[in-house]
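Read through the structure below, which is laid out as structure tokens, and then see the notes.
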């Protein structure tokens, strides 16, 4: 088995585990934030505008860490510089 | 065993583990958000419209991390660029 | 042992672990949501309609992550593209 | 040791671990839901009908994830397509 | 060591681990449900009939996941189709 | 080392781990149930009969999962069908 | 190293781990039950007889799971059927 | 390395791990019971006799699981039947 | 397989695991902070300006640890000094 | 490497791990008991004598499990029967 | 594979894991501190200046442990004395 | 590599892990006890003498388990009987 | 691969893991202390001077354990006596 | 690779892991103690002298376990008797 197989296997496994492990934290964090927002809404319905706006900003911050993981996962699958290098080397042989 | 087997095994296992591990966080996070929404509804039935709308936006955000995992899992099974490359190489031999 | 055995073993094990690990999160999340719904019903019986409707929507969202796992598990057992490819290759030899 | 042994061992182990790991989440989730139902009954005995009905729907949803695991486990033991294929291949030799 | 030993060892170990791991969730879930029932009885002795009936239905649901594990465990020990196949093959040689 | 040793070692280890891991859940669950019963007794001494009866039914349900593990453990040590088969085969040689 | 060593090592290690892992659950469960009993006694000293009797029945149930582990551990050390078989075989050679 | 070394190493390691792992549960359980006893004493100093007696019975029950572990540990070090057998075999050669 | 494959595989796997493990802490920490901000807003709507400003500063601090991980991950993929060195060495041969 | 090295290494490692793992439970349990004693003292200074006496009895019980571990650890280092046996065998050769 | 590959792989993997594991603690700690600050602000808006100042000092202390990890990670990637030594040795050959 | 290296490596690693793992429990237990003492002091400043004395006795008991670990660690480094034996054997050759 | 590579790899990996694992405890401990300080400030603004001074002393104590880890990490990278020894030996050859 | 490398690698890795794992417990314990001290100060500012003195004594006790780890770590790096022995042996050859 040559170098292509090693890099392909490593890229496939890393791409999958990056996004699945990386989704645990954001999902739990967003769930907590949404739960707090709903509790806050029930407690102070008059502040709905402020609560909703703060919630969305917070969700965007938390989601950003999931986005990082998704970006790295996509880079590893579709724009992997190591894979491109060895493919170019193989093709150039 | 040649390179095809390695990549196939890696894709199969990664596809499965990506979606199963990636479903733990969103499921728990959504469960927490729904539980908070129900508690909030019981406490402030008059704010049902606001609570429900905020809940749906929050659930969509949390579900998005599960969607990322499902997308990566489906890409690995049905549109795997590494598998396509080695299949093309094998067919071209 | 040839490539068929590797892919078959990987598919069997991944199919099983995908659905069993993938059922932990949804089961706990749904249990939490149902528990909150029951507590809410006891606290505010008059809002039963709203609570039940919100519960069902929430359960559907949580169940969706379990469905993803079940779908991937079934795909790996009954519609596995990697298995189909190597079977076709073997049959064509 | 030939391919039959590999697939048989993988099917046996996966069938067992699928149902045993897959029963942890539903059992805990149902226990939580039943506990909440009992607490709700003690708090609001008049809403027993609504609480019981909601509990049964919720338990059915949670049990569904255990059913998925049991189905996959039974498929692996009694209707395993990979086993059927290699048995057919072996018999046909 | 031939194929019989592999399948026997896998069946023995899987049968044991299936029931022991599969008993953790139901035992904890039932313990929680019983504890909630006792607390509910102490709080509302007049609703004893409803509480007890709901408890028994809930315990039956939780116990069902332990039953699944026990059934799979017994199938692996006493009605293992893979073992029967290889025994038949060995006897037929 | 022949097949007898493999099956003996697997049976010994599985028998032990089945009962020791299988005793964790029931012990904790029963401890929780007993603790709740004692708290309930202290809170509502008049309902002692109902509480005690419910406790015993609940303990029997929880203990049943420990009994399953003990039964499987004993079967593996004293009535192991795989061991009996290979002993019969060895004696018949 | 012959079959005697394998079985002896497996019996020694399993005997030890069975009782040590099997003592975690009962010890914690009994500690919880005793703690609840003491709290209950402080809260309702008049119900001391009922509380103590219920505690002892509960402790006996919890201790039973530890007894199962101890019995299996002792069987593996002093009445191991697999060890007896191979010793008899060795002596008979 | 002969069979004596294997059994000696297994006995040494199992003896140590049996008592160290087996002391975690009892120590935590007793700590919890003692803490509850002290809280109960502070709350109801008049019931000191009943509390202390119940505490000692409970501690004895919890300590019994630690005693089981210590007994097995000592048996493995000073009265190991497997070690005695192989020593007798070696001496008799 | 030469040195290029080793470094490529190590870089791919480390890049993925760095960002996915590194996103757990920040996501949970930000979720907690946002939840606290929403609770605080519901409790003291008049202090919305101070709360929001403090929240944003805090989120920036927490996000900084995720940024560190993302930076290291990107360096390993696109500006890896070890990869550049061995590529230069290989090209110079 | 001969049998002496195996037994020496096993004794050294087991002696260390026995006391270090065995100190976790007692230390936490005693910490909990002392904390409860201090809280009880602050709440009921008049019962200081009873509380202190009960605390010391309880600490002695908890410490006993740590003592078991220390005894086994010292036996393995300074009075190891397996080590003594092989040393005597070696000296007698 | 020569010494350069070993050191490069070790440096890459350690640099990544250092910053990703090292970001868990600070992120959680800062999240907790920010959450407490927001709760404190809601409770005592008049002490905003003191609370904010104390928060910033505390965040700086917590962030310092993340900075340590980032510094070590950067040293391993860009100023690794072991890598420089072996590169100098290789160049000097 | 001879027996000296094995015993030296085992002694070094065991000495370190004994004290580091053995310091987790006492540190947490003492932290809990000190925290309870401070809370008690704030609640009942008049009982400072009794609280402080009880705290010191308790800390001494908890610290004793850390001392055991430190003693074993020092014995393994500076008074290791196994090391002394093999050194004497080597010197005597 | 010679001794230089082993020591370099061990030093690199240990330096990284020392500081990243060693930062978890201090970061969480400081986060807890800062959170308590902020809560205390909100509750008793008049005692700000005492609270702040005590907080800084406490943070310094907690930070000291992180400093120990950083010092050991730096010693392993820049002043490693084992590395210096083998470099001197290599240079002197 | 000779004995020097084994002992150097073991000493480096043990020194690092000893201090990093050994800092988790003390850091958390001290954080808890400091948090309790701050809460106590806010509740009872008049007892600041007693609280601060007790806190310092407690911190010193907790810090002592971290000191043990640091001492063992430094002994392993700078005064390792096993390393000194083998260096002396090597120099004397």
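The chains carry the letters A, B, C, D, E, F, G, H, I, J, K, L, M and N, assigned in the order they are written, with residues numbered from 1 in each.
In this text, contacts are C-beta pairs under 8 Å (C-beta built on N, C-alpha and C of every residue); 3 or more make two chains touch, one makes a residue touch a chain.
If you want to know which protein each chain is, UniProt gives these names: A, B, C, D, E, F, G, H, I, J, K, L, M, N = ATP synthase subunit c.
Predicted model, so just to flag it, every value in this text is computed and none were measured.
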Computed distance of Cα centres, chain J from chain G, in Å: 21
Chain A and chain I: spacing of chain centres that average the CA atoms, whole Å: 11
Approximate Å spacing (C-alpha centroids) for the pair chain C, chain M: 43
Distance between the centres, which are taken as Cα means, of chain E and chain A, whole angstrom: 37
Multi-chain contact sites of chain N, meaning residues that touch two or more partners: 2, 11, 13, 15, 17, 19-21, 24-26, 28-33, 35-37, 39, 41, 43, 55, 59, 66, 69, 73
Category of the chain touch graph - line, ring, star, complete, other: ring
Circular arrangement of chains, read from chain C onward through chain D: C, D, E, F, G, H, J, L, N, M, K, I, A, B
Chain B-touching residues of chain C, taken from the complex the two chains share: 2-3, 6-7, 10-11, 13-15, 17-22, 24-26, 28-33, 35-37, 39-41, 43-44, 46-47, 50-51, 54-55, 57-59, 61-62, 64-66, 68-69, 72-73, 75-76, 80-82, 85-86
For the chain D and chain E complex, residues of the former touching the latter: 1-2, 4-5, 8-9, 11-13, 15-17, 19-21, 23-39, 41-43, 45, 48, 52, 55-56, 59, 63, 66, 69-70, 73, 77-78, 83, 87
